[in-house]
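In the two assemblies presented below, chain A is common to both, partnered first by chain B and then by chain C.
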Partner chain A sequence: MDPYLIQQIVNGLSVGMVYALIAIGFTLIFGVLNVVNFAHGEMYTIGAFAGLMLITYFGSPLFAVLLFALAAGCVAGICLERVAFKPFRRFRDEASLKSRAMREATLLSSLAVSIIIKEVLQITYGSEMQSIPQKYLLNDPIPIGPVSFSSGQFVILGASIIMLVFLQYVLYRTKIGLSIRAISNNPLGAQYVGLNVDKTIIATFALGSMLGGASGMLVGLYYGAIFPSMGFAPSVKAFVAMVMGGLASIPGAVVCAIAIGVAESIATDFVAAGWSDMIAYSFLVITLIFFPQGIFGQGRERV
Partner chain B sequence: MERVETLTTPRKKAKRAIVIPAALLALIFVIIPATLASLGSGYLFQLASLSLIFIILATSMNLITGTTGLLCLGHAAFYGVGAYTAALLSTKFGLSFLLTLPLSGIVAGICGMLVALPTMRLVSIYFAVATLGVGEIIYVTLLNWVSLTRGPMGVSGIPPISFFGWEITGQLGSYYVVAAVMCLSVFYIYRLTHSYYGNAMRSLREDDQCAAAMGIDVAPLKIQVFSISTFFAGVAGALIAHTSGYISPDYFKFSESILILAMVVVGGLGSVPGGIIGALLLILLPEVTRDLGDFRNVAVGMVMFLSILLLPKGLLGEVSALDIARKQLGAAWDGAGAKVGWK
Partner chain C sequence: MRIRFWLLAFLAVALLFNGVPAGAKETICIGYSLPLTGEHAQYGEVFRNAAIMQLEKFNKSGKLKDTEVVIKFEDSKSDPKEAISIARKFIDDKCIVGVLGDFTSTVSMAAGQVYAKAGMPQLSQTASHPDYTKVSEYQFRNITTQAFEGPFVADWAMGKGYKSFAIIAIQNDWGISAAENFDKAVKERGGKILDIEYFNPGTRDFRAILTKVSRKKPEAIYACMMYEEGAMLLQQRKQLGIETTVFGTSSLYSPKLIELAGDAADGLLLSTTFMPNSPEPHVREFVMEYEKRYGNPPNMFAAQGYDATGIMLDALSRAGASADRKAMRDALAATKDYPGVTGVTTFDPKTREPVKSLARMEVKNGQFVLIQQK
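Moving on to the complex of A and B:
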C-alpha cells in the first residue's frame, strides 16, 4: 500500500475521533432533551482556550492541560444548560412535557448563546490565531518505516479511545448513566419512576461538553490553531455525523464521524484542501436524501 | 351600536388601507432621502440601502420560515448566489442592471428549486440540517472555485446600477432604485401571504399531513414557496452587488443566515411587518449604539436571546417562535416520544 495513503488514513482516523467526541456530545443531549444544541461548537472552543490559558500562565504538563480542558468544558456545559435551556423548561406539568413547546425553543436560544460566546471570545482575544508555545505543539514526527506520523495523531487517538471507554463506563455502569439512558428512552416514564430529570440533564450537558472541550484542546494543539470561531467547522461535521448515525445512536455517530474524517483526509489527495470541506456536506445531503433516518437510526414514521 | 359599526368599519378599513401604505411610501421615498441628503453623509445612504436589502432578505426568509414553517438555515447562500450571478454577469459579459436583477433572482430561484426537489420530503430538523448543508456547500463553492469567483479575494469593480446605458452613480439614485425594488418585493410577499395561497402555506405550518388530507399538494407547494423565497434572496444579492461594487464570500457565510434568522425571530415569525422591523432593528441598532464597537454582534446575540426568552412571539409575531421550533424538532422526536404519557 502506498505509504502516503496509510499516513492519510491514520490522520483521518484521528480527525474522525475528534468529530466523534463532538458528535457524542450532540447525541447525548439530543437523546435526553431532544434538542439540537447549537452552542456545542463553542464548548470545543472554550476547552481549547482554557487549555491555552493554563499553558501560557502556568506552563503545566499536557496531562494537566487536558484535565483542565475537561473541567472547563464541564463547567461551560453546566452554565450553558442553566442559561439557554433551563429557562424554557418552566413547566413540569404533563401537558407542557407532552407538547414540548417550551423545550424546543432552545434551538434558537442555544444559537443565540453560541453567537454571544463566540463574539465575547473574539473581543477578548481577537479573531486571529493564538500563539502556542512550540513545545506544546503535538507535531513531533514519528517515523515508522517509510511513513512518518506525528505525535498528535497518536495522542488524539489514544485520548479519544480512553474517553470513549470512560463514556461507556459512565453510561452503562453508573447510576447517572442509567438515568441518562432512561430519560432518553422515555422521558415521562423516567419521571414517573422518580428520576431527577433536572439533575440528569445537567449531568448530560456536563458529560457531553467535557468531551467537546477536551477534543477542542487536543485539536488546537495538534494543528497549532486556536481561534474564536474554530468550533464551527468541526461541530457542523460532528452534527453531520450525528444525523448520519441516526440522531440518537452513539455507536452510529462514532462510526459515521470516523468515516467522515477518513474520507476527508483521503480526499485531500485528489482535490484542493478547501474543497475537502465539501465531503462532509455532500455526505449529509446524500444521507438525508437516501437514508433520511440515518444509517444506524431506528425506524421512524416520518423524517 | 353593533350595526353602525359594521357599516362604518369597511369604509374605515378601506381608508386605512390607503393611508398607511401612502404614509410608508412617503416615508421611504420622500422623508428618509430628504433627511439623508440634508445630512449629506454617504455612509448613511449606504446604511439605508443595506437596511432595505436586509428587509428583502428578512421578509423572503419569513415566507419560508415564518409562514410556511420550514426552518431554513442557508438563506445567505442563496443571497450569495444572486450576488455572484449579478457580479459575474455584469463584469464578464457587461450585462446591464435591468437584466442582471431578474437573472440573479431567477438563478437563485432555480438553485432553490433544485435544492428543494430532494429535500422537501424532509420535515422537522432534517430540513433545517439539509439547508444548512446546502448553504455550506454553496459557500465552499464560492470560496474555492477561484477561476470563476476569484475565491476569497471576491469580485470587485461591479458596475453601478444603470438603465439603458444611463448610469445611476449618485447615492440618492441608487437608494431610490433599491427602495423601489424593496417596495415591490415586500408588496408581492405581503400579497402572497395574505391570499388563499398564503393560507395554504399556513396550513402547512400548522400540520402538513392534515393539509395533505385536505387536498393541498404539499410537496409542490413547498417547492414553489422555497423557490419564491430564494428568488427574492437572489434579487437582494443583485442589489448588494451593484450598490456596493464589491462582494466576497464572507458576506454569505452561515453567520449571515443566522443574522437573517435572528431578524425574523425578533420581528415575529410569519408577519411581514415583523420581518421589516426585525431587519431594521438588527441593522440599525448596532449602528446607533456605535460606542459598543466590537460588541455589535454580541448585541445581535443578546437581542435574539432575550426576544426568545421574553417575547416568544417576537415584536409583531403571528405565531410563537416556540411553536415553529416545536414543529421543527417535535416531529423528529415523535418516533421515540409519541407514545409517552396518556394519549
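Moving on to the complex of A and C:
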C-alpha cells in the first residue's frame, strides 16, 4: 500500500487521539450534568502549565510531572465546579430542579470561567508559546518500515486506553461510579433515593478534569510547546466527537474523535489543508441531520 | 451645607489649576494600534517594549523643545473591526498627529481605509502586503514587501541549485502574498513550483501537510509563516524523517524559534532585515538595552517596532511641535537615510516604499548565523 497514505493515517490517528483524550473528560461531565462544560479545554491547559511549572522549578522525573498534572487538573475541576456550577443548584424547589434555564446558565458561566483562566494564564506567562526542555519531550522519531512514528504517539495511545479502562472501572465497579450513573440517568430520582448529589457532582468534575489535565500535559510533551489558548481548538473537535458518538457514550466519543482525526488527515491529500477543519463540522451537521441520537448513543435530552 | 458647598467649589478650582502646571509642557501624541491580547499578543508585547524604549530616548534627547511626546497604545486584538474603531478613536483625538501599527497586513489595510479618509498618516512596522501602500498616500511601512522578499529568496535558492519547490503558507493576506510572490519569482527564473499548501492560522499539527508535500518530492520547501508555526513545522518535519531543505520568510527569525524547535531548526535558511550580531554601535546599544530591560534578546519584530517608532519621532522632530497631520505625512514621506537597527531606511518619494536591504541567515548549531555575501 502507498506508504504516504499509511503515514497520513498514522498522522490522523495521533491527531484523533488528542481529540479523544479531551473528549473522555468532556463526555463524562456532560453525561452527568447534561450541560457542556466550556472550561474543559482550560483544565487541559492548566494541567499542561502545572506540569511545566514543576519541570521548571523542580526538574522532577516524568512520572512525578504527570501525577502533578493529574492533581492540578483535579483541584482545578473542583474549583471550577464550585465557582461556575454549584451556585446554580442552590434552589431546591421542584420548578427550579426541572428547569432548563439553570443548565443554560452554567453554559455561560463555564464559558466565562474559561475566558478568565485563559487571560490570567496569558497575563502570568505572556502569550508566547512556552517550550518544554528537550529531555522531557516525547518526540523521538521511531521509523517502522516506510512510516515514521513518534514515541509520543504511542504514549498518547497508551494513555487513552488506560484512561478509558480506568473510567469504565470507576463507573461500573465503584460506589461513586454507581452514583454518577444514577444521577446521569435521573437526577431527581437519584435525589429522592437519597444519593448525595453535590458530592457526586464534585467527584465527576474532579475525575473529568483530572483526565483533562493529564491529557494537556501529555499533548504538551508531544508537541513540545504549550500556550494559553491551546485548549480551544481541540475542545471544539472533542465536542463534535461527543455529539457524534451519542452524548453520553464515552467509548463512542473516543471512536468518533479518532475517526475525525483520520478523516481530516486523509482529506488533506485531496483538498487544501485549509479546508480540513470543515471535515469535523460537516460530520457534525451530518450527524445532527441523519443520526440525531448520535452514532452510538441512546436518546438524550440536549440543552 | 454651606461649608460643604465651599469645600467642593474650592476642590473644583484646585483641580482646574492642576491642569495648568507652571512651566507647562506641550504634549503631542502618537497613536499605536497593536495586538496586546489574542493570538498575536506576543508581537504586540515586543512592539510596545521597543516603542517605550525609543520614546524615552527621544523625550530625554530634547529634540522637541518644551514638548513631551506620548504614545497612546490601543489593543486591536489583530481584529480588523477593533482596529477600525481604534482608528476612529485616534482620529477624534486632537492630540494625535500620527499613528503606528497595525501588525498584520489585513488589519493595517482595513484600518488604513479609515485613516486615509481622515488624512491621518499611518506607519506600519510589519505590514508587508504589496497593496498596503496603495490604499492612499497616508500609508507608510518600514518593512520590505513580499514583492521584494520573494525574488530575493528565489535568487538565493536557485543560486544554490534548487529547481523545484513546494510552498507551505499561512492562509491570510500576508501568507498568500508571500506564496504568490515566491511562486512568480521562481517561475520567472525557470524553476518549478510543485505544490502550494495553505493552512489555517492556529494550526499546530503539520504532519498531514508535510506528508502530502513530500509525496511530490520537492528539492526545497519555502515556509511562509510565523515563528511558532515554523518551529512546529520544523520539529514535525524532523520527526517524520523528512530531509528536504527549508527556506523561510523573515518572520521566522526569532530566538523563540530555536527554543521551541531545538535541533530540528538546524539547517533552516532565511532572509532577514535585522542582524542582532551586527557590530554597528547603534544595533549593539539597542540589543544590550532591550535585553537589560526586558530580559529577552530582541527579535526582528522588536527591531521593526523600534525603528518604526524612531522614524515616526524623527519625522515629528522635523515637522515641529505645532505640526498637523498633513505636515506629519509630508515629513514622513521625506524620510531619508534614517539610521535604524534594521538598516538604513529611505522612503521612495513616488511609492513611499522603504528602500532597505535584506540579508541571508542560516541556523547552525542552535544559533542564527549571518551568511556573508561574497
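Structure notes:
As a working rule, the second predicted complex is superposed on the first by the 287 of 303 C-alpha atoms of A that agree within 3 Å, B and C clash if a C-alpha of one lies under 4 Å from a C-alpha of the other, contacts with A are read in each partner's own complex, and residues count from 1 in each chain.
Here is the rule we go by: a contact is a pair of C-beta atoms (placed from the backbone, for glycine too) under 8 Å apart; a residue touches a chain by one contact, two chains touch by 3 or more.
If you're wondering where the values come from, they're calculated on a predicted model, not measured in any experiment.
For the composite obtained by superposing both complexes on chain A, the positions of chain B and chain C are in clash.
In the superposition on chain A, A:Val285 makes contact with chain B only, not with chain C. In the superposition on chain A, contact is made by A:Leu247 with chain B only, not with chain C. By the touch criterion defined above, A:Ala50 reaches neither chain B nor chain C.
Of the two partner chains placed by superposition, chain B and chain C are both touched by A:Gly274.
In the superposed model, A:Glu119 lies in contact with both chain B and chain C.
In the superposition on chain A, contact of A:Ala225 is made with chain C only, not with chain B.
Of the two partner chains, chain C is the only one touched by A:Glu264; chain B is not.
Residue by residue along chain A, chain B and chain C are tallied for touches, and B comes out ahead. Legend: residue contacts after superposition of the two complexes on their common chain; A:Val236 is shown touching chain B, with no touch to chain C. In the superposition on chain A, the residues of chain A touched by chain B in one structure and by chain C in the other are 119, 122, 272, 274, 277. Looking at the complex, you find that chain B touches chain A at residues 118-119, 121-126, 129-130, 132-134, 136-137, 140-141, 143-144, 254-255, 258, 261-262, 265, 294-295, 297-298, 300-302, 304-305, 308-309, 312, 320-323, 325-326, 328-337, 340-341, 343. Of all residues in chain A, only 34-36, 84, 87-88, 94, 97-102, 104-109, 111-116, 119-120, 122-123, 184-189, 232, 236, 239-240, 243, 247-248, 272, 274-275, 277-278, 281-282, 284-285, 288-289, 292, 298-303 touch chain B in the complex they form.
By the touch rule above, chain A contacts chain C in their complex via residues 4, 7-8, 11-12, 14-15, 119, 122, 126-129, 131, 134, 137, 139-141, 143, 148, 150, 223-225, 227, 229-230, 233, 264-265, 268-269, 272-274, 276-277. Partner chain A is touched in their complex by these residues of chain C: 37, 39, 41-42, 45, 171, 197-200, 202-205, 207-209, 211-212, 214-215, 228, 231-232, 235, 238-241, 256, 259-262.
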